[in-house]
Each structure stands twice: as C-alpha cells, then as structure tokens.
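Two complexes are shown next, each including subunit A; its partner changes from subunit B in the first to subunit C in the second.
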Partner chain A sequence: MLAFALKRLGLAVLVTLTVSLVSFSLLFMSGDPASAIAGENASATDIEAIRTLYGFDRPFLVQYTDWLFSALRGDFGQSYYFKLPVADLIADRLSTTMLLGICGISFALLTAVPLGVAAAVRPNSFIDRLALFLSVMGQAMPSFWFGLVLIVIFSINLGLLPPSGSSSWKNFVMPTVVLGYYAMPAIMRLTRAGMLEVLNADYIRTARAKGASEWRVMFKHALRNAVVPVVSLAAVQMGFMLGGSIVVESIFALHGAGYLAWESIARNDLPTVQALILIFSLFYIVFTFLSDLANAWLDPRIRVG
Partner chain B sequence: MDDPILSVRHLTIDIPLAQGTMHAVRGIGFDLKRGETLCIVGESGSGKSLTSLAIMGLLSKKLRQKAEKLQFAGLDLRNQTPRMMRGLRGDRMAMIFQEPMTSLNPAYTIGDQLEEAYLLHRKAGKAEARARAVELLGKVGITAAESRLSQYPHQLSGGLRQRVMIAMALMCEPELIIADEPTTALDVTIQAQILRLLSDLQREMNMAMILVTHDLGIVARIADKVAVMYAGEVVEQGTAAEIFDNPRHPYTRGLLRCIPVPGKTKPGERLGSIPGIVPSLVGNFQGCAFRGRCDVAEPICSEMVPVQEEGQEHMWRCIHAAGEGASEGVSQGVRP
Partner chain C sequence: MPGSIRASGWGEAMARTIETVAEEIRSPSPGAMLRRRIFGHYGLVFGIAVLTIIVLIALFAPLLTSHDPYTQDLMARMKPPFWMAGHDPDHLLGTDHLGRDYLARLLYGARISLAIGAVAALISGLIGTAMGVAAGYFGGKVDLVVTFLINVRLAMPVVLVALAVVAILGGSLEVVIVVLGLLLWDRFAVVMRSSVMQVRDLEYVNAAKAIGCSVPRIVLSEIMPNVLNNLIVVATLEMAHAILLEAALSFLGLGVQPPTPSWGLMISEGKQMMLFEPWLIAIPGVALFILVLAINLLGDGLRDVTAPENRG
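For the complex of A and B:
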C-alpha cells in the first residue's frame, strides 16, 4: 500500500510540474506581457522599462524557475489589475469556492448514490423511473437556467433564500443544489450500472448462500465493489466544481475563485490567471491522488499484486 | 435417524419468458438421508442447478417454484419466511458453487469471508471465528492457514479458492451440503483432489450431500444414489449400483456409452454419443421429452410416459421395461 501511494505521489508531482510549465508559458503565448501591462498608448521606451522591471528580458527558463520557486513559497507576484499580491487575492476567494465545492459534491453524492442503489435493486420500478427522470433533467437543464428558476421561486416568490451574496449559510443553499444537481446524473447512472453488474456476480450469490441479509448483501458485499468507478468520477467532478463553478458563482454573485478567474481573464491579469490555473490543476491532481488511494483501499486487487 | 434429512416431492420450477412459460423443472422428487450422497446427473439446462438453488431458497423471485413436499430436517421449506431461510442457509445447509474464480468477494480477505459465515449464525467473538476458520482451512488441506487468512481471493489459485469455498460452506457444520459442479472449472488433476476432499469431509461430518455434475466418472466414485435428469425431469433414479449395473432408461444408457471404461474400451474405439439436442421446454409438453433422440422410441411415447419401479429405490420413466429394446451390452459391469 505504501509503495503504491509513493508511486502515485511521484506521478502527481510530475504532473504538477508539467502543469506549472504550461501555465507559466501562457504568459508568453498571449502576446508580449510588457506591452500588455504598459497599456495601449505606451511608448516604446516605457515598454522596455517595464520589460526590465518585471524581468521579461531574462531567458524563459530563468523566469520559469524564478516563478516556480516563488510560487512554492506562496508568492505568485502582483496582480496587474488590483496591484495586490495574487496569493492574498486568491486566498480570500478560495474559501468561498471550496465551501461551495464541498457542499456541491456532497449534495451530488448523497442524492446520487442512494438513488442509484435503489434503482439498481429494483430495475424498471417506480424508483428507477424517477431516478432516470431526475438524471435526464439534470443533464438537460443548463445550470444558469436552473439557478435563475430557483431564484425566481425561492427568493422572489417565496422570499425564503437570499438571491445573492455570501454572508450566511442561506446563501449557499441554492448554489449547492445547482452545482450538485449538475454532477448528480453521471454519478447516479454509474452507481446504478455498477450495482446492476455487481448484483449479478457470483460472490453475491455466495453471500446469500451464507445466510447474509439483503441489507448486508447490498451494502457490505455489493456497494463496495460497485462504488470504485464512482469514486474516480466524483474526484474529477470535485475538481471541476472548484475550478469551473464560474457560472454558478456569477449567478448567485458568490465571489469565489472561479469568478475571479473569469474576471482576470477579461482584464488580462496574467499573474492571477497563471496562479489560478496552477491551483485549479492542483485540485485535480490532489483529488485524483486521493481517489486513487480510496480505490486502492476499496479494491485490494489494485494495491496487492 | 433413518428419516430422510431432505425430502423433495414433485418440485416444479417455471420460468416466465416473453415467448411463454418455460417449464425448467417438471415434477422431480428424491429423498436423502444423513451421510448419503446423491448425485444429480444431466446435460446443461436439464434443471440440475435450478433444483439445488430451489432447495437453498436462492431462486430468483421471477421464477415460479412449486412442490408437493420440500422438507428439510423436519421443516417445511415451502412456508419458511425469508428470515428463517437465511437462518438455515450457511448454518444447517450450505452450498458450493461451480465458479471458484468468481465466487469469493474480491474486496475482502479470505479470513473476513470465512469468519462472516460463522459470525452470521453463531454468537461468537472474532477470535473464536478466526480459530474456526484456521481449523477449517486445515481440514480442507490448506497449509499455512494463518497466513492465508489475510490474503485476498485474487492471490489464490482456482483450486485453493475452491478449497476456501468448501471450508466456508463447512464453517457451521451443515447437515446438508449442495455442491453444484464444484470441479468443472478446475484442472483435471485438481478435480480428483477436490472430490476426494469433499467426500472425505462428508463422511467425517456425516453430512448429506447433493453433488450436481455431468461427469459420470465422478458419480461412479462417490455416489450412493443417482438421479439422472433430462429436460427438467428425473428420468431415472436409484442406487449407484442400480444405475451403473442395470440402467433402464435409454438416456442413462446413452450417457454410460459416452464414457470410456478402463479395461473394456479398446484403444481407438469410438465412444458413444447421443444425437440431437434437448427439446425446448417452453409451452406445454406432452409425452417423453427424450423421444426425439431415442433409438427405441415408439409412437405412444409422444402421448404418455409411465413411471416404472423396481425394488426399493430404482425408478425410471419409459415405456420400456427391463432391458427390453436395449441395443447392445452396456448392461453389465460398466462401473469404472
């Protein structure tokens, strides 16, 4: 198990380095950074001055290692737009995004897994049809529209929940539902398909032949085997929620990291964009690593050769 | 003591299909005493496995099962609640399946799975269950039992897994053990070992055993009684001696012609085979199911089949009596 974890960890570090290289290169792929900072009407001497000031005249690799080591210390440079350290800016926004992401994926898992199991236990029953209906709805409905519908119902008509802001837990209810509902269909279907397959397995019959109760057969013997691919999917979706919840954050005016990324791209604020790309990728890498560990724990065939 | 531990009368199993009802098992019956081995023989699809699952109460709910009598150790299995059946399964009756490679849960250690079988039925602690698991692994001939307990199924060979399955079935010393083709998926050399092990343990624990197989060589070695199934019916049953030395049903004779007999079959001699295939059992069926493949069939066979009996236990379903119409000598001394 330890060897497996170390191998995965080494892989994760390599992926992180690659991603950091790509995200740093973005700075140069989108045109001359010095003239971008100087603005439209800057003279050639001003641009040159800025180039030397920011160190853009140095060789690429030197700039990259410089940036990487600063980043490792938590220093991502200054935001061009806010004239503030990027690290502070992001730290401020990240808590909102992380809270939203955790609530979203929890909502998705807590609805999708039980629904998927129930649907698999009684295929073509009412509960299976209901699960199918909900998942098709979730896949077909765009988040922005679903978010607006919720606002109309719960904020405008019923006045139960605040439509925007992030001051209390109430602000997170609707964003959680919208974000979670987006991830729910895939998880539900994967759980259902996995359970249907596992419930036909010979070892399920063995468990019944031992005299195990249906409940025990379902949850001890079947679900543990069925849930392995679900863990991987949930990890990817969790990463997606943290990096890509821009739409949901905009609708509910939750000023999270996704929203900041969107603003910074519009403002050509490259240090912020670089740092966010790196952080969002790190989320993916960390969650993939964790899901690999979880899967190895769930399925001994992965960890014991 | 001489009462049968398992008594089955007129068991039928119907499978509802889109194109009609399939009568997969059609009125079979047998008795089994403590310490006896009944071998159920027949081709694939003859209803052998369904019969064993029905006794265990493991048939899918989509299948319809009826019986005039289905009695185990004085209990009427037809009116046991699911909870009561769970209490019997794994404790007083146990089953070993055909596919050792897939019959163990890949997510749990051998120890966990063995102990579970014990803990589900006995008020015992983990330590006691562990000790019992070690004991049973020793009994089924697994060396270094302690260290095996922490291994996972994928680390074991097929033969070892089947030994583990046997140990698991015996954790609570069942009175009845049903082995559904336990050696089909194994290497020939391992097959003999596993069978010898099963029949030794059966004798040692004085269990009743039902062995489902299509290997007559196995039957000859360990059966007390034999039931030959064809198309959902027992076409002939009796003691092993009666079936091997004096087979009455043309199907049984055909089966016996298919196996080589040491010392009797000459090198290069063609073994027998039964032409044709098993009839479809969907819809209503009349007469003898074997008539299409039988070389002594007569017009009346499509209308009715009489049940004939001889002695205490020998029974067969055929219009022909004792040896009449039999082609040539499979009659005597076929038992390998």
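For the complex of A and C:
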C-alpha cells in the first residue's frame, strides 16, 4: 500500500510540474508580454522599462524556475490589474468557489445516486425512463444557457431568488443546481450500470437466499460495491466542476475564483491567470490522487495491478 | 413442408440438410440485422433525422431565407417572433437589437456550430487516435509516456485554458477551432488505447505479424477496422463537446467575435435584454440544445447498435 501511494504521489508531482510549465508558457504565447502589459500607446522606453522590471529579459528557463520556486513558497507575483499579490487575491476568492463546488457535487450525488439505484432496480420502469431523460437533457443543455433560463424563471418572473451576487445562501441555490446538473448525468449512468452489474452477482442471490431483507440487500450488499467507481468519478467531476465554475460564476456574478479567472483573462492579467490554471489543476490532481488511494484501500486488486 | 419431403421417400439426412439450408436462408443477413437494430433504436433514428435536417439547413441557408445575417436595419429593431403580438411577417423569428433578421442569424449560425464541431473533432481525433493507437499497440514505454500526457491534459481546466489562449491569440473562428482541437483529444486517446489493447494480441493480428506485414499495415488494415466503431462514437460525443464549448467561449466574449452569427454569441447579445425579451436567448439556446441532443443521441445509439452487450 505504501509503495502504491508513493508511486502515485510521484506521478502526481510530475503531472503538477508539467502543468506548471504549460501554464507558465502561456504567458509567452502572445510573443512579447512586456508590450502587452504596457498597452497600445506605450513608447519603446516604457516597454523596455517594464521588461527589466518584470524580468522578461532573462532566459525562459530562468524565469520559469524563478516563478516555480516563488510559487512553491506561495508567492505568485503581483497582479497587473488589481496591483495586489496574486496569492492574496486568490485566497480571498477561493472559499466561494470551494463552497460552490461542494454544494454542486453534493447536489449531483444526492440526485444521481438515488435515481441511478432506482433505475437499476426497475429497468424500463417509469423512474428508469425519467432518469434517462434527465441525464440526456443534462448532457445536451449548455450550462450557461440553463443558468440564464433559471434567472428568467426564478428571479425575473417569480422573484424568488436573487439573480446575482454572493451575499446570502439564496445566491448559491441556482449556481448549485446548474453546476450539479452538469455533473449529474455521468454519475447517474455509472451508478445505474454498476448496480445492474452487481445485482446479477452471485453474492446478491446468496444474500436473498439467506433471507436478508430487500433494503439490506440493496444498501448493505449491492450499493457498497457499485459505489466504488462512483467515488472516483465524483472526484474527477469535482475537479472538472471547479474548472467549470468560471462559466457559472460569471453568469451569476458570484465573486469566486472562477469569476476572478474571467476578470483577469479579460484584462490580460497573466500572473493571475497562470496561478489560477495551476491551482485549478492542483485541485484536480489532489482529488484524483485521494480517490486513487481510497480505491486502492477499498479494493486490494488495484494495489497489485 | 418438412413432413411432405420425408413422406415422399427422401432420405432422413437429406431432409435435415434441406431444413438447415432453408433455415439459413430464412434467417436475416448480418446487414439486415444491423438495419433492424438501427431502425429499432428510436434515439438513434431521432439523432440521425435531426442532424440531417440541421446539416441541410446549414448547407442551404441562403435558399431558406432571403435575409442576410449581417445586414442591420435600425428602423426594424427588436421585432418580436411570430407567436407574439406585433410581429412582422417578413421576420419570422423577429430581429435583434441591431435589426438583423433572427431567423437568418439562426440558420447561418448552424454553419458555425457544425464547422467548429466537425473540424475540432477531426483535429483532436487525429491527435488522440495517433497517441492512443501508439500506446495500445506498442505498450511499454510508449504507453507510459502517452498515459502521462493524458493525465497532464486531464488535469488542466479546459474552459480556463481555452479562454486564456483565445484571449492571448485573439478570438476568431480559426483560433477557436484549433484551440479546441488541441485540447479535446484526451477521450480519443483513452478509448483508442484500451480498444487497441483488446485486439492487438488476437490471432489475426499475430497472423499478420507472422507473414511479415509492416507495422503501419497491421495498424491500418488489421487493427483500425476493428476499433473504428469506438472511434466514431467518441468522435460524435467530442463534436457535441466542442460545440458546447464554443458556445460557452463565445458567450463569455472570448470565442468567435461579433458580428459572426454564432449561437453562443447570440445568447450573449440577448442576455442584455432578457429581462423584457426572453425569446432572444430562448431561440438560439433551444437550437443549441437540439443540435447537441441529436449528436449525443446519435453517438449513444451507435454505441448501443454496434456493441449491444455494452448497453448501460
């Protein structure tokens, strides 16, 4: 188990380093970052001054290692636009995004798992059709459009929920539904497929034969085994959702890290963008690492294989 | 009538042979069975029908409307669509805030979405298939490298990276297509890798190796035909993915730029006025939803039909 964990940890660190290199290189895709910061009307001497000030005149690898080691200490440089340390800016906004992510994944799990189980228990029944219908709808509906439709219905027509802001719990209802519905179809399908497979297994027949109640068979014997792949999918979806929060937060003007990402991209604030790409990637890497460990702990075959 | 054959003095063995042959003739051919599976699958039929209609609309957009999607008419701004009072019979779906015909923009917008979906899926399909096939066929170190690259790609937030790159390079149809094509290859690589692994040790591949076929020949004529159905399924799903992402990027203002009639952009422009004119976002949104729904149903249906045992 320790060897497996160390191997996975090494892989996670390597992936993080590669992502950091890619996200740092983004800055140089525009050609000359110094003239991008200076703006269109800057003189050549201004651009030169900015180049030395930010150290763009040094070789690429020197700049990268410098940035990386500062990042390891939690220093992502100054934001060009907000004129504040990037780390403070992000730390300030991250709690909103984390809260939204947790609400979103909880909403997705709380709707997808019961629906998936119910659909698997009675294939082709009404509830199975309903689950399939909801998941097909969820996969085809653009999440930003779904958000706007919710605003039109619940904020403009019914006046129940605020369309934007992040001051009270009411501001989180619609973003949670939009973000959760985005993750729901995949989790529902996997739960249903897993339950269908498990319900045909021999040990379920044994459990029924020895007289266990149907509830006990479902939850104690079947769901426990069907839920293992769902855990790792939920971890992956959580990582994707934090990355996808940029769309949802910009619709509902929820001032989290996703909104910050959109603001800083629109304003060419590259240090903030680089740091955010790295941090969102890091969330994904940590979630998948933890779910790998959890799965290896639950299922010894993974450790060996 | 088997009985009458036996009664008329034919040998028992002969009668049985005739019966087997007759049974073979009566049973449907593989092609007929496939056709029956396709037409028995309502989702697939719906997907093919709707997608065909949208492709035809995109191809023949100039014949379907006499309006130009770019022509502004400030005298005829914000005309409501046909189901609302005060509509103009000349503008069936009304006009937008610049007086452009909404139906024309919707019809020409189908071209943008389909082009983005198809070309982005083609680019990412080429990259992902090359990586996945190499990893699956060679295994070992090649597989390690490809798996690592897939992990790196999955760790990067697609929307954020796409937005940042488009912002740096400047939004245009070509940039959006290339950026999405370079980002969406992960599922191709994952699926191709595992499907090639499943067939690479089968007898016919070993036979091809034994008679000395070259690697490209084995891959192209022995392996690819047997993993093609998986490739097509992933391609349809990634096409839908690319269309949704383009719409999201354009909606956020960092995708296709105005005045291009992109559905995502139409929703973004309509957002300013959705308080009073919700149809401005309803029309392009429903179009987007129907297109993506049709492509997804086509992909799901193809998976069910080509591999009925994988239904889930």
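FYI, the second predicted complex is superposed on the first by the 299 of 305 C-alpha atoms of A that agree within 3 Å, B and C clash if a C-alpha of one lies under 4 Å from a C-alpha of the other, contacts with A are read in each partner's own complex, and residues count from 1 in each chain.
The rule is short, and it goes like this: a residue touches a chain if its C-beta (ideal position, glycine included) is under 8 Å from a C-beta of that chain, and two chains touch if they have at least 3 such contacts.
All of these numbers come straight from a predicted model, not from anything done at the bench.
A simple residue count on subunit A separates subunit B from subunit C, and the partner touching more is C.
By the touch criterion defined above, A:201 lies against subunit B but remains apart from subunit C after alignment on the C-alpha atoms of chain A. After overlaying the two complexes on the shared chain, residue contacts for A:73 are found with neither subunit B nor subunit C. Legend: residue contacts after superposition of the two complexes on their common chain; A:83 is shown touching neither subunit B nor subunit C. In the superposition on chain A, A:210 makes contact with subunit B only, while subunit C stays out of contact range.
The part of subunit A that touches subunit C in the complex is made up of residues 11, 14-16, 18-19, 22-23, 26, 29-30, 136-137, 139-145, 148-149, 151-152, 156, 189, 192-193, 196, 236, 239-240, 242-244, 246-247, 250, 261-262, 265-266, 268, 273, 276-277, 280-281, 284-285, 288. Across the complex, subunit A is touched by residues 148, 151-152, 154-161, 163-165, 167-169, 240, 244, 247-248, 251-254, 264, 267, 271, 274-275, 278, 281-282, 285, 288-289, 292-293, 296-297, 300, 312 of subunit C. The touching residues of subunit A, when paired with subunit B in their complex, are 201-203, 205-213, 221, 224-225, 298-301, 304.
For subunit B in complex with subunit A, the residues that touch the partner chain are 56, 58, 86-91, 94-95, 97, 99, 102-107, 109, 116-117, 120-121, 152, 154-155, 165, 168-169.
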